Amino acid sequence: MTTIPVSWYLIVSALLFTIGTIGVLVRRNPLIIFMSIELMLNAVNLAFVTLSSYLDSADGQVFVFIVLTVAAAEVVVGLAIIVSIFRTRRNIDVDEMNLLRG
Amino acid sequence: MPDTTPTWLLVVASLVKSAILIVILLTIFAYMTWIERRVVARIQGRLGPNRAGPFGALQPLADAIKMAFKEQIIPAQAYKAIYLIAPVISVVVALSAFAVVPIGNSWTPGHPSVWDPWVGDINVGLLWILSISSLAVYGIVLGGWSSGNRYSLLGSLRSAAQMISYETSLGLALSGTLMWAGTLSMVSIVRQQTLQGQGIWFIVAQPLGFLIYIIAAVAEVNRAPFDLPEAEQELTAGYLTEYSGLRWSLYQMAEYINMITVSSVATTLFFGGWSFFGLERIPGLSIVIFAVKVAFFLFLFIWLRATLPRIRYDRLMRLGWQFLLPLAVLNAVVTAACVALGLPWWVNGLIGLAIIVAVLAITWQRSRQTRFAISKTGAELLPPSVRLVKSIEPELGLVNGGEAAVAGVERQQALLQDGRVQV
Amino acid sequence: MSGPALIISFFVLAVASVASALGVILFRNAVYSALSLILTLLFLAMFYLQLGAMFIAIVQILIYAGAIMVLFLFVVTMLAADPRDPDLQDRLPWQRGVAAVLGLVLVGALSYLLLSGTPLNEAARAHGSEALSQVVAQQGNIQAFGQALFHGFSFAFEVTSLVIVVAILGALVLGRKA
Amino acid sequence: MASLLLWVLIPPLLGFIILGLLGRTLPRSAILTVAWGTVALSFLFALSAFLSLLGVHPDSQRVSDVSVYTWAIAGDLQVHFGLLLDPLSATMLLVITGVGLLIHIYSAGYMADDPGFWRFFSYMNFFIFAMTLLVSADNLLFLLVGWGLVGLASFLLIGFWYQRPAATAAARKALVINVIGDFGLMLAIFLLFKHLNTVDYGYGGPNCIPGTSGYGVLTAASCQQLGSLVSLAIPLLLFVACAAKSAQLPLYMWLPDAMEGPTPVSALIHAATMVTAGVYLVARTHVLFTLSPYALPIVGAIGGLTALFAATIALTQLDIKRVLAYSTISQLGYMFMGESAGSYSAGIFHLTTHAYFKALLFLGAGAVIHALGGEQDMREMGGLRYRMRITFWTFLIAVLAISGIPPFAGFWSKDDILGALLTQATSVGGAARYLYYGLWGLGVLTAGLTALYMFRLFYGIFMGSYRGAGPLKHGHAGSEEEEEEEALTTVGRRRRGESALYEIYEVPAVMTVPLIILAILSTIGGLVGSFALFDYSRWQPLNAFLAPVLGSAPEGNLPLLWLSTGASLIFALLGLLIAWRRYGQGFVYKESRNPFYRLAYNKYYVDEIGIALLINPLLWLGRQASALLEGGLLDGGSRLVGRAFSLVSAGGRRLQTGYVRNYALAILIGVVLIILYYVVRG
């Protein structure tokens, strides 16, 4: 059924991934950084599903499923951390969190 | 439907069926408002709207006209685009969820056609409903947030927390039925409950699941007694505070459509959908059967609203996480065991009933213990769970009523007299 | 769906998803970013549908859009109640330029690799009864997925469930009042 | 049978673990139940193992070697944790667990008031475990394990009253000297493995020829391939270990100091069992000692010198436990003398009887010390026979036994050794002949000295009139200051004179019963020895029992035996007589200006010489090295490294901006580089 080359999907995936990466690099709101990470995960998921479809194997979809679940867990913990940071510092700029400076 | 059906026909049929469905749903919504006001009035010993038309039957029309011409306010501090879009999201989501609900039997059983009384029968139908209705929260959160009003924001946050909390129990409660049905397709689930299928309505195998589902569903659609997001007394009107006119009525529409959806799901999953002991084979009748069943649930919603007081917010959360979720997990485990071991349905049903009875007994016992304490003079004291002074909480014996409560109250009075505690 | 309709829909989805993804990182207001991300997720779900992964598409909506992003929105609206705060000075202004250049290089390199005949296009497909399309045709989408999940990856599945439990506990601990 | 051995090992270990972990919380009765019960179980299993061995005929089949667990396989080296039951280990196990049980029982009374009650019994159980492991191991490596563990137990128990600086110092000394011996043993094991490819005694090995003298790999045949130097080095290194463990010249110094430990410890570890491990080792590896013509004479010479040397010191000591300690050293020298004459069973025999009477002596001394509240100085004693009758009689039996007065146990075993020496002297040729004659002379002289100092001790404690000031009132674990304070008050109390004697009471039954049992053993224990003296050589049960392992001792002719016995008896009686003349009316201490006396009294200044010649130079060397090496080289080097690191990190830390996004950028750069690599590679 497919007439679209696999690389087109993968390029979309690469684009989304790069956008997510840049988001991580340039944004200072940890929530948006977090969203960018989700974007990167989703870009990878797209690649997985694409390859699953093209290779005619369900494995890629299983990976996506697991990534999804782990992403949920990650978001839960990450948001809890952000909220607790906000509680103590009233500020969630990542540049303010530089206690690890050398 | 046969694979030979041309794509264009499929698209056209879907569009037509969707249009019909939307009209039906909107009509039901309109009349639900009227019926609700009448029923609540009856329960409260009033009359309700009875002037416009026979029994006030034209009241929804009057309301619609009023709403349409009402001035719409856009707060200055609102995020305009989202403020305007949010109610639409709510309605669109509510309507989409209904797409996979089969409201009647195939016109010619055994010969599927594109004109069967459902918009789409996808093999992940139930998941579709769950996932779309999980999007419903966006309309509320965005509406509340974009109003630029603290009350609205708080209402929407409450709503988000509440819906997330109860969605888990809801999904888990349904999973028991899914295990019995062995399919996610709504049509197939109903067929499983007809005489051609397993011949039982899954309520008999899943009484516990049904109970959890109903409670969670009431919370999920923000209806009383779980209507915290729009609690007038606490949050003026929650996320609805800044809305008026048509957009306000869009939210109402979404709420009622959601009610219809969850009622339909309850009907489909637990009460056999459009089936009724073989009668559903008469095509027209199956739709009536379905409508009657859904109407029963809708009435139940109204009844609940008229009867039960609103629950306190922390208790709402506790109920969801500490009571419903464990029960739902228990139900899922029990059901999985029964299905995996190949036990007959009535075993599962009996276990479910036993759990319900046990839970009720424990709850009753507890409530008796904490309801009232009788002092030595015979006067009724406040239960220990009512905390008068926050700072002496740990000193109050919160164990069992009776003497602990007496001691607690006496200690409380002593502390108050000492001036060590400020009320 | 096939032929030109497929290609048109692919491009529409691609443009829409990339645009909404750009929205995630370009909006100043975090709520708009979150909404953009939700849109992206929905577009991706449609991609999945296009690729025949119906279950994953629905689960994408259910979990990502329905649960994860609600949580995000929840936190965003709670924390950034007033996003019109004066933005603090960016301490790494140069990083934007570097990031943009690196991003372009990355996309360029990846695209070059993908288009210049990597072995992906000729990758061997699974055959026989294990093949996804066959299982889907015989038993349906969910059954195919379920078989793959519980036969080949049951351990990963269990571990994931453990991860979730740990995450819940972690969130509880973090969320407790200090 | 070997499974029985495992059960000999396990109970004390369990007891140690239980008491060590829970002892603090257990009531006394429970501690005693565990401590006694485990050792009693151990003893019962050892007894049944022994009896099961007796039931096996012919004698040569009396061996069982079971590998319980393979500990390590490295190339040719296979080390099994194997348990060996043969006549030698069975005898040793009986002695260890039997005497150990008696001393455990005794200790319940002796340590009754001590706050470290549970700790004491936990250590004691540990010692029993270690010692049984030592004698039941079937290879030198696990013997070494036991060897080290008994050293540890000894260390722990000498330093039991760790509040006393003297005790901890003594414990340290004992450990250090023992470790010297352990090194010797290790080197011997390495050499053995290098040349013979085994550390097993060799039962059940391919070379095992049951019935021949010394079977297994360590047979004379297989050992012939050793070069003459190696064949001398191995036994000498082994003997270094033996000398350290069994307190022979010149590594004996730790044993007198070890008397800082509780008296039951001295009785069990530093008299009856652990210090005899060296004797056991020589007997066990006797095949190696016969390889070189020089090995056994050296052992004998050192043993003889030690015997005389220690006996002379014992003559002058005033602390009753020190007298006994030097006596132990002297008797151990005796055992080595016997083994050097090729009569290993005579050594083991003396080991056994010595275990009885020396344990009895120590326990009797302990009873006296206990009754006197910690007093150990002979000058503060006297006349105790009226107050401590059971102790008096049992002590007398022990003194008779050690002095070699017939028919007590010591007579038989000592006689065996002297007879063997004389027989050896007449049968070997060359210079060795004179050595053995000399050794025999030393032995006889020492026998006389032994009788002299033992009766001096005996008279000092029990006869005459009481010279002390009544029992000291503080516990054993008193601190230094308390003791001084107490000493001041005793001066005052001494004026009260005789009446103080009536404050002294016989120790409780839990202590006297072991004394009585040991006294019985000291009386009749010698009857398992050889009756060759009476021209009835068919009765020598112990010799015959041990013969499959140790080989039969060379048989002496009757006149020689008579000569030897007569001489030793005469000397013993002479010693007794002198003691009676001098001390019969009670011990009188006089400062003596006799230089020899001063020399012996000050233990030949060995400790002082050691400090001057060894310890001070070593300390000086250490200080110099510390200043030079550590200050300059090591510290300087590490400072250099540190400075280098701090320089590098000063640069590196600029990369650590603390901005998360910076780090993310670094990751992205890495990713881009990797991708670019693929692009370039094509």
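By letter and in written order, the chains are A, B, C and D; residue numbering begins at 1 in each of them.
Keep this in mind: a contact is a pair of C-beta atoms (placed from the backbone, for glycine too) under 8 Å apart; a residue touches a chain by one contact, two chains touch by 3 or more.
Model, not experiment: these values are computed from the prediction.
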| item | value |
| --- | --- |
| Result of counting contacting C-beta pairs for C-D and A-C, higher pair | A-C |
| Chain whose averaged C-alpha position falls nearest the assembly-wide average | A |
| Cα-centroid distance, chain A relative to chain C, in whole angstrom | 7 |
| Whole-Å gap between the CA centroids of chain B and chain D | 85 |
| Distance from the mean Cα position of chain D to that of chain C, given in whole angstrom | 76 |
| Between chain D and chain A, distance of the C-alpha-averaged centres to the nearest whole Å | 72 |
| Multi-chain contact sites of chain A, meaning residues that touch two or more partners | 21, 25-26, 28, 95 |
| Overlap residues in chain D, where contacts from two or more other chains coincide | 659, 661, 665, 668 |
| Interchain contacts, given as pairs of chains that touch | A-C, A-D, B-C, C-D |
| Sites on chain C touched by chain A in the complex | 2-3, 6-7, 10, 14, 17-18, 21-22, 24-25, 30, 33-34, 37, 40-41, 44, 47-48, 51-53, 55-56, 59-60, 63-64, 67-68, 71-72, 75-76, 78-80, 88, 90-92, 95-96, 98-100, 102-103, 106-107, 110-111, 114-115, 118, 120-121, 123-127, 130-133, 135, 144-145, 147-149, 152-153, 156-157, 160, 163-164, 166-168, 170-171, 174-175, 178 |
| Touch list for chain C against partner chain D, complex | 91-92, 95, 98-99, 102, 105-106, 109-110, 112-113, 116 |
| Residue ranges of chain D touching chain A (in the complex, touch as defined) | 649, 652-661, 664-665, 668 |
| Residue ranges of chain A in contact with chain C within the complex | 1-12, 14-16, 18-23, 25-29, 31-32, 34-36, 38-39, 42, 45-46, 49-59, 61-62, 64-66, 68-77, 79-84, 86-88, 92-93, 95 |
| Residue numbers on chain C that touch chain B, as the complex places them | 1, 29, 31, 35, 38, 54-55, 58-59, 61-62, 65-67, 70-71, 73-74, 77-78, 81, 140-142 |
